[in-house]
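Got a structure for you, questions after.
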Amino acid sequence: MPFLSFLVTQSVNALSQAALLFFLGVGLTLIFGIMRIVNFAHGTFYMLGAFIGYSAARLTGSFWLALVLAPLAVGILGALFELGILRRLYRRDESAFLMVTFGLALVLTELIRLGWGPEALPVGPPAAFSGILMLMGEPFPAYRLFLAGAGAVVALGIWQFLERTRLGLLIRATSQNAEMVHALGIDVNLVRSAVFGIGCGLAGAGGVLAAPLVTASIGMAATMIIDAFVIVIIGGMGSFPGSLLGAVLVAFVQVFGEYYVPDLALAFMYLVMLLVLVIRPGGLLGKEA
Amino acid sequence: MALLELDELTRRFGGLTAVDHVSMRVAKGEVRAVIGPNGAGKSTLFNLITGILAPSHGTVSFAGESVTGLSAPRICQRGIARTFQLTALFPEMSARENVRLAAQAREPRRWQFYGGRAVFETASDRAHAALERLGLSAIAHRPAGLLSHGDQRLLEVAMALAQEPQLLLLDEPTQGLSVEETAQAVETLSGLFADGRMTVLLVEHDMEVVFRLAHRITVLHRGAVIADGLPEAIKQDERVQGAYLGGLT
Amino acid sequence: MTLLTEALILGLFAMSLDLMVGYTRLISFGHAAAYGFGAYACGWLLLHTSLPMLAAIPLAALLAGVLAIGIAWVCTQASGVSFSMLTLAFAQLLYAVAYKWTSVTGGSDGLAGIPRRAGPFALHVFTGRNGFYYLVMIVLLGAFLFCRALVRSPFGAVLRGIRENEAKTLALGYSARLYKIAVVALSYGLGALAGALYAPFAGFANTELLFWLLSGQVLIMVIIGGAGTLIGPILGAAFFLIVEHQLSNYTEAWALFFGLIFIAFVMFAPEGIWGLVRARFRRSGAEPDVNRGVARAR
């Protein structure tokens, strides 16, 4: 395959991967921005989205419905968790949050295993995008193009949401100065629950979108949270544009790394995380963690 | 020879110059107060001296040797001890254990796994002495986190003393104390400094405390030294008078 | 008897983590790396060399401890969440390596048929079921005494200082990073010792021993048992094993229940079972329990 078309196809491939990673990372960074905690269960919400999406698609026969229902379910679950459990821990130190969300990751993983079994479950891409297109003379799955596009659209949407809507403004304000927002009479706790729910919902959406491509398994939970963490670290904890940058960078490293040095992919991620943590712990774009 | 010498010490944070070419010489046995309004750079100055921050420019010399750029633990080991503006203690350990841990840092075999009893004994003795000098013996067994604010401030001083430093840096020791607690603290501190063997750098907002304890005063404004001299002279200094002695800070 | 032996091995594993989590508040999500490495190293030595069991076990642990110094150096570059993520990432890395390096580790099948070789001094007594139990008991006891001496030593006092206010320990002149590296290396070494005991005990070593769920389970044992008490985690391990064996007869969801119990403990009883027991025996006004582990409020 000539180099240019290789480059283009792999780049679009990477962009589709970046879209999935973006869904994973943006929620984590938003949650951190508001609550100053890293949601260790974030990767598991992503996985949960995939499995709920599978069931929803089977039940309704529609991928698109699943794409709406699963993130909603995951988001609500997340918000309930924040309300019921995380809220009680705000006066404790960060290790308590870490362990509780870790516990949640374990619980959710077990729930998935019990509910859906340990095997990967097949989810087909929606009929509209299940075909193959020609990209620069090479066959390319339409679904991946759809993903890349969807990622861009959602990123734009979230950006506008944060900039233009009232809730978006509240979110940005709370992440900068929660006290002030509270003093203005706004229920900061509600904002927190909403953000946690939205963040988890976005992860769940990512899971549904990833389902046609990836074989979900319970081992994923650990890799996903590491991926999410690396994305957020690179872009900067709490930085929305940072999560986009991080997702793109990680995706390109993963896709091209997988091609050139296939067995070292995981080691690469570890190295990247290390480098960023050591050299620029605040991330490339973000505020100090 | 000055025990502590700062030469054109500067620290910038992006566009902000927090400490601006500060030069200072503190003689052995001297109690030097550093005053100035909020944001004058006093705590940053302390952080530069104790190695928590590295200077953008300039040098710090202690006992004739340069300590510029050394890490905080290294500088402390050279003989500088400090207290913090926001009380820094080990809240679940007892007051006695807090001071013992401070004293332990001075023991040459403090990292030992076995045979630690000797280390603990010497450290405990020093801790006991320091607690006595600060009048804290009565509450030595209580968890540090449960002490009154005043006692906590004094506990921090005890911890610094237990390290038998050559230079003691006190960052607003009377901050947050009531009038009685302040008076008591001043009594205790002045007793500590009475024999002239302690060299002290003292950041304070309370002018009465400053005039009671300090031999010399250095005044900072926007990171730079604007006045430096004996308390009486500083009192009369117009520049200083206008801005700082009006009790606004 | 085998259940008891397994409980003791897991107890050692959990106790090793307590040094990091309970005494220094370095939360590791990758402690399975120590266990798995110890098991694989010991298993490999027993399979491919003629070393007796009593030599292979400590050798594997020592090797792990030495390598852990490097890991510790890397992980302690960061703190808080980042530290935890690095420990997890490292364990994942080891898992992937074990999975792929089939020639050495046997890939997903792992190492099988690991012998309990007695060696030239005819120490056969330790190779039988009862004998092995006593071996594990001795090792656990020895490790416990060592750890107890450690946490009561000046070194241990510094660890507690780091746990409660690391910045202050730096200001007092302690090179906190070195202490952290030391405790992490020790912790991994002892964890590997447990793994090294597991290999000849079970006769096999596989990638399950490096899986993140095991890292989670041992953390749960520490917290539920009582972080910062040494004994608590051993109890936690026993508790875990009993629940696993009993509950798994009735329901597949026992791991789920454990996760929920874990969350409940973190929220409402962070000092753990043993911590609660100890608190019961101390009346207020007396010297406080300075090993309250992760119960500290912000």
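In order of appearance the chains are A, B and C, and numbering begins at 1 in each one.
Throughout what follows, a contact is a pair of C-beta atoms (placed from the backbone, for glycine too) under 8 Å apart; a residue touches a chain by one contact, two chains touch by 3 or more.
Computed from a predicted model, the values in this text were never measured in an experiment.
Graph distance from subunit A to subunit B, where chains that touch are one step apart, equals 2.
Among the remaining chains, B is positioned farthest from subunit A, on the basis of C-alpha centroids. Remark: subunit A and subunit B have CA centroids separated by 47 Å (rounded to whole angstrom).
Here the spacing of subunit B and subunit C, counted between their Cα centres, is 42 Å.
Remark: subunit A and subunit C have CA centroids separated by 31 Å (rounded to whole angstrom). Looking at subunit C, residues 296 sit in touch with two or more other chains. Those residues of subunit C that touch subunit A in the complex are listed here as 25, 27, 29, 74, 77-78, 80-82, 84-86, 88-90, 92-93, 96, 100, 211-213, 216, 219-220, 223, 252-253, 255-256, 258-260, 262-263, 266-267, 270, 294, 296-298. Against subunit C, the residues of subunit A that register as touching in their complex are 38, 40, 85, 88-89, 91-96, 98-100, 102-107, 109-111, 114, 218-219, 221-223, 225-226, 229, 233, 263, 266-267, 269-270, 273-274, 277-278, 281, 289. Across the complex, subunit B is touched by residues 149-150, 152-155, 157-158, 160-161, 164-165, 167-176, 179, 287-288, 290, 292, 296 of subunit C. Residues of subunit B touching subunit C in their complex: 50, 52, 71-73, 76-77, 81-82, 84, 88-94, 97, 100-102, 104-107, 109-114, 116, 119-120, 123, 141, 143, 159, 163.
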